[in-house]
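Data block below; observations after.
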Amino acid sequence: MSVTVGLSVGIIAAIRRNRWPDKVFTPLTYLGTTIPTFWLGILLIYVFGLRLGWLPIAGYTSPTKDFFFSIRQTVMPVICLSLFGIASSARQMRSSMLEVIQQDYIRTAWAKGLSEREVIQKHALKNSLLPVITIMGFQLRMIFGGSVIVETIFAIPGMGSLLVSSIFGQDYVVVQAVTLVIAIIVLLVNVVVDISYGLLDPRIRYD
Amino acid sequence: MINKQTTEEVVFTEAPPQVSEWRRLRRVFLGRTSVAVGAAIMVLVLLTALFAPLLAPHDPYLVGTTSPLAQPSREHLLGSDTLGRDTLSRLIYGSRTALMVGFVTVTIAAVIGVTLGLIAGYLGGIPYTLIMRIIDTIMCFPMLLLALVIAAILGGGLQNVIIALSFAMIPGYARVTCAMTLSVRENDYVIASQLMGASDGYTVIRHILPNIMQPLLVMVTMQLGSLILAEASLSFLGIGIEPPGAAWGAMVSDGYRYLLKSPILSFAPGVAIMLTVFAFNMVGDGLRDALDPRLRGLL
Amino acid sequence: MAEILQVNNLVTQFNTEAGLVKAVDGLSFHIKEQEIISIVGESGCGKSVSCLSVMQLVRPPGKIVEGEVLFQDKNLLEYEANDSEMRAIRGADIAMIFQEPMTSLNPVLTIGHQLSEMLIKHENFSKEDALKRVVELMELVGIPDAENRVNAYPHQFSGGMRQRVMIAMALSCNPKVLIADEPTTALDVTTQAQLLKLMTDLVQRLHTSLIIVTHNLGLVARYAERIYVMYAGRVIESGTTKEIFANPRHPYTLGLLRCVPRLDDEEGRKLEPIDGLPPNLINMPPTCAFMPRCSRKQDVCRREPWPALEEVSEGHFVSCYVKSQEKAR
Amino acid sequence: MIGMTEQVILQVKDLKLHFPVTKGLLRKKVADVKAVDGVTFDLIKNETLGLVGESGCGKTTIGRCILRHYQPTSGQIIFDGEDITKTSRNDLRKTRKKMAIIFQDPYSSMNPRTSAGTIVAEPMRIHKMYNSNAEYNNRVIELFKMVGLDPSMIGRYPHEFSGGQRQRIVVARALACEPDLIVCDEPISALDVSIQAQIINLLKELQQSIDGLSYLFIAHDLSVVRHVSDRVAVMYLGRIVEITRSHALYKNPLHPYTRSLLSAIPIPDPFVEEMREEIILEGEVPSPLNPPAGCSFHPRCFMATPDCAKGVPPLRDVGDDHKVACFRV
């Protein structure tokens, strides 16, 4: 999923704080959280689909049918969906890291004579990931919200566009069903987040 | 008396000289370019919305002021849409829709959410469990989907969009307020007030509310940005404003079909949305940094 | 015995939004091999910042402006803060124990991991050997059931036990100098006594020099051989503990000794507080910083700049124009 | 022995407070934390009773019970002739007017968004003591003068005061409704050494000038408690182990815990320190969740015999207003 991409980019952006990567990435993350998904989709279609003609503008093909065409079709929707996630997890990671390096135990790590790389990797990273993981749960929900729009724009027959069309068609049984499915997925994700939180933070253990 | 106040002591105080909140605010808002630009855009958008009838060069609802899908010209700076309506005027009127939905929704959501959060956080026990369980359940659904479904059940129209978005926003406020109340409640001055014999209402209004106001203000500002984004998304999907009303999201959606012929039609409202959201986020960011006590001394 | 660590004219400043804070303002002190000295002062007098400056661990906006930190005749301030030379000294030659045992250990790493890190880094231990040594170290500092608790996390330890871990960590590479910054302030009295006894016993066995940084005059009297009294970023009086307690010459030292309640007080003794408030270190006037609170000040104190340290008897230095002759009690 | 002429303002009889420990979703009770486990003492009008012990011994909890912040599990608290464990919420308001509390941390004791004058006036306004703003103002000015603050600082906000000045404001607030009892919960331990004496002296002077003002002085520092109190109660794991006149406590401590506690506190005098015997206690304070059987101190006690594990020693009078809970004395 695109969340993984988002997080790894976020970490890289965060660790190189206050140097040139920070100066480049941070404004970009602001841009990423303010750009409307649907508008980004249209921009992408306009530039890569219509002007340059590199990628197909819409539709969905099963990867078993035509693998490469399918990949090319999914590039733009994935970028669209993941940009917000990448941007906001990068921002979260950065501020969380900045907070962690102020802590007493980081001072202890410095006092041990460790190098910057060791201090960051061994002592700061795990701690600063904790709040980011909580945010990731939220992000997944945002992606579900976004998928409604992205599927509409790129004419992908998915759950989101099904929901929209059934809402307009006033087919409430389908609306109910789709909502239920999404709620269950979100719940499952929350459980996964909770479990990984417990694995990372020894202070939280479940009976 | 033990502690004689001498003139010399005025020079030597233990408490560091504090930089007043206004000064910090000014420093953050003028010192950081992004925040300053954000604040400027925000003021601009607010003024545009307020004086839309004076600023708009044409009637935004008048069909056929020029030929349909006209390209930008001196008369029509941003061209016209399929019905020949002036895009710039519709853009200006669209700011009203965006801000109106934003402000009204934030107000409704904040009032209800903060009240719920205060009750849950201050009383604890059964009210806490009850309120937080309901909040958690609502939070299982993505905000946009929730608003979409509610709007679908209630039917279109701006009013229902506001209701739907408010409902989707309440859990956020309730959660944040509850968490802050729980931490403020632990302060000795709250306990002291209770032990003096103050009533719960007095304690909440005098001691808790004033001390959670600042972070709430930051949250409200930030959420205005995401609300404008959400409203745009809904109107893009065709929910919300009814024709011939102007909304940015709907304008993007209209222009989308004529992307090759007249790209400006969907680009212009997109830029407007982005700038406005950016402005509110920046101002919120600036407020947060200026008001964060942990950053005191660092800025 | 030879001086192992010598700090000369150290100046550390913090550039804050409220103004320039001279946290340490021309501090000099030294410690000999196997000596136990104490730096005494109230909060905000710059004692913690001095320790961090020695290790070059001052964080921005703090900055070491000038001075020398001579360790085995090398000036540590010539190294960049995160140079490999500086890092090789940190932990291995000069170790530090911090005030807050609750927050000074990394919550997500095991005790064993945190203790073995320095052994692997500075002493080239293998992972297995390091863990064996860690168990020995934990037993040395009196942590019961060390074998099993190697894999525990800090939150499973009490404050006292965590500070024992910190002591074990600090002494793991046999440092030449151990700096303990308010090591027991956050702990209970009986735990405090346990830990200081442990620490002083261990440094004697390991031939380590110990600097106890504290505001507690009782601890100083019990454990330190020499003391430095700090006020507003400077040493205002120094000498052997017995000399200072018997003949305090600076009015501030005298005031400190008279304002604390003692267990062996006569019934009805009235405490004599020091008037006024500790100074805030922004925009300090050039005169003696204690002058506004001083009950023995004379005209010369208002006119002249802060007096230099002056030797009044062998090894007893004081920075004061008046030099009180009164006894502490 | 309490003389007939002395008026008892507060009587605590067999006070117990057990916090249930719950587990799981259904909040099933699995155990009790016996924070306070059968405490009995009297407080005489105009007297200061010191309550001393290490963290977790229940001293703060007792203070909070007396103010009915916590509802005791059993026992009686008789304040001014009335058992306040059973008063209704409405009548409690009247009782609370006659009691006040001073907290440890002067920074969190005051709402940062209200001015010093408003803070001091708050209890009076809650109890609607006066009719006009001018009357409130005059009383606030009077209180400011009483605690040694310049009345011109009434309009200032908490962050503009130093720690010591804030604690004076808190004292002024506590005095506002002319209470009979002030619970001082570690009122000086967050302050600087040179400021502590100012607050101690202030509290003592106020007691001398205000007729009928009693203090319950809770602290961990025995030298401070001994200095301010007429009588001292030493607590260990929710129980009082020794209670006596304060000067007798240093001269003739009976309970082994009191003796080791006294020994753990260093005296700021190197000459005295050389002569003192050191009793270093083994181990740490056990968890009140699972206290040792019998005398809860026996696992750490240097005087313990096997019999000590068999029963809880009662607090018995050994004459001269001295009570101790130990089988061996």
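General remarks:
Going by the order they are written in, the chains are A, B, C and D; count residues from 1 in each one.
Going forward, a residue touches a chain if its C-beta (ideal position, glycine included) is under 8 Å from a C-beta of that chain, and two chains touch if they have at least 3 such contacts.
This structure is a prediction, so every number in the text was calculated from the model and none was measured.
Set against the Cα centre of subunit D, the chain with the most distant centre is A.
The largest tally of C-beta contacts between two chains is found for C-D.
Separating the CA-averaged centres of subunit B and subunit D is a span of 48 Å.
Distance between subunit A and subunit D, defined via averaged C-alpha coordinates, is recorded as 53 Å. Averaging C-alpha coordinates per chain places the centre of subunit A 23 Å away from that of subunit B. None of the residues of subunit A touches two or more other chains.
Counting partners per residue, subunit C has 273, 277-278 as the residues that reach two or more other chains. Taken residue by residue, subunit B touches two or more other chains at 2-3, 13-15, 18, whereas all remaining positions touch fewer.
Interface of subunit C with subunit D (complex): residues 42-43, 158, 160-161, 188-194, 197, 215-222, 241-242, 245-246, 255-257, 259-265, 267, 269-274, 277-278, 328. Within the complex, the subunit C residues that touch subunit A are 55, 57, 59, 82, 84, 87-92, 95-96, 98, 100, 103-109, 117-118, 121-122, 153, 155, 166, 169.
Residues of subunit A touching subunit C in their complex: 102-105, 107-116, 118, 122-123, 126-127, 200-203. Every residue of subunit B that touches subunit D in the complex is listed here, in rising order: 1-3, 5, 13-15, 18, 187-189, 191-198, 202, 206-207, 210-211. Every residue of subunit B that touches subunit A in the complex is listed here, in rising order: 34, 140-145, 148-149, 152-153, 225, 229, 232-233, 236-239, 249, 252-253, 256, 259-260, 263, 266-267, 270, 273-274, 277-278, 281-282.
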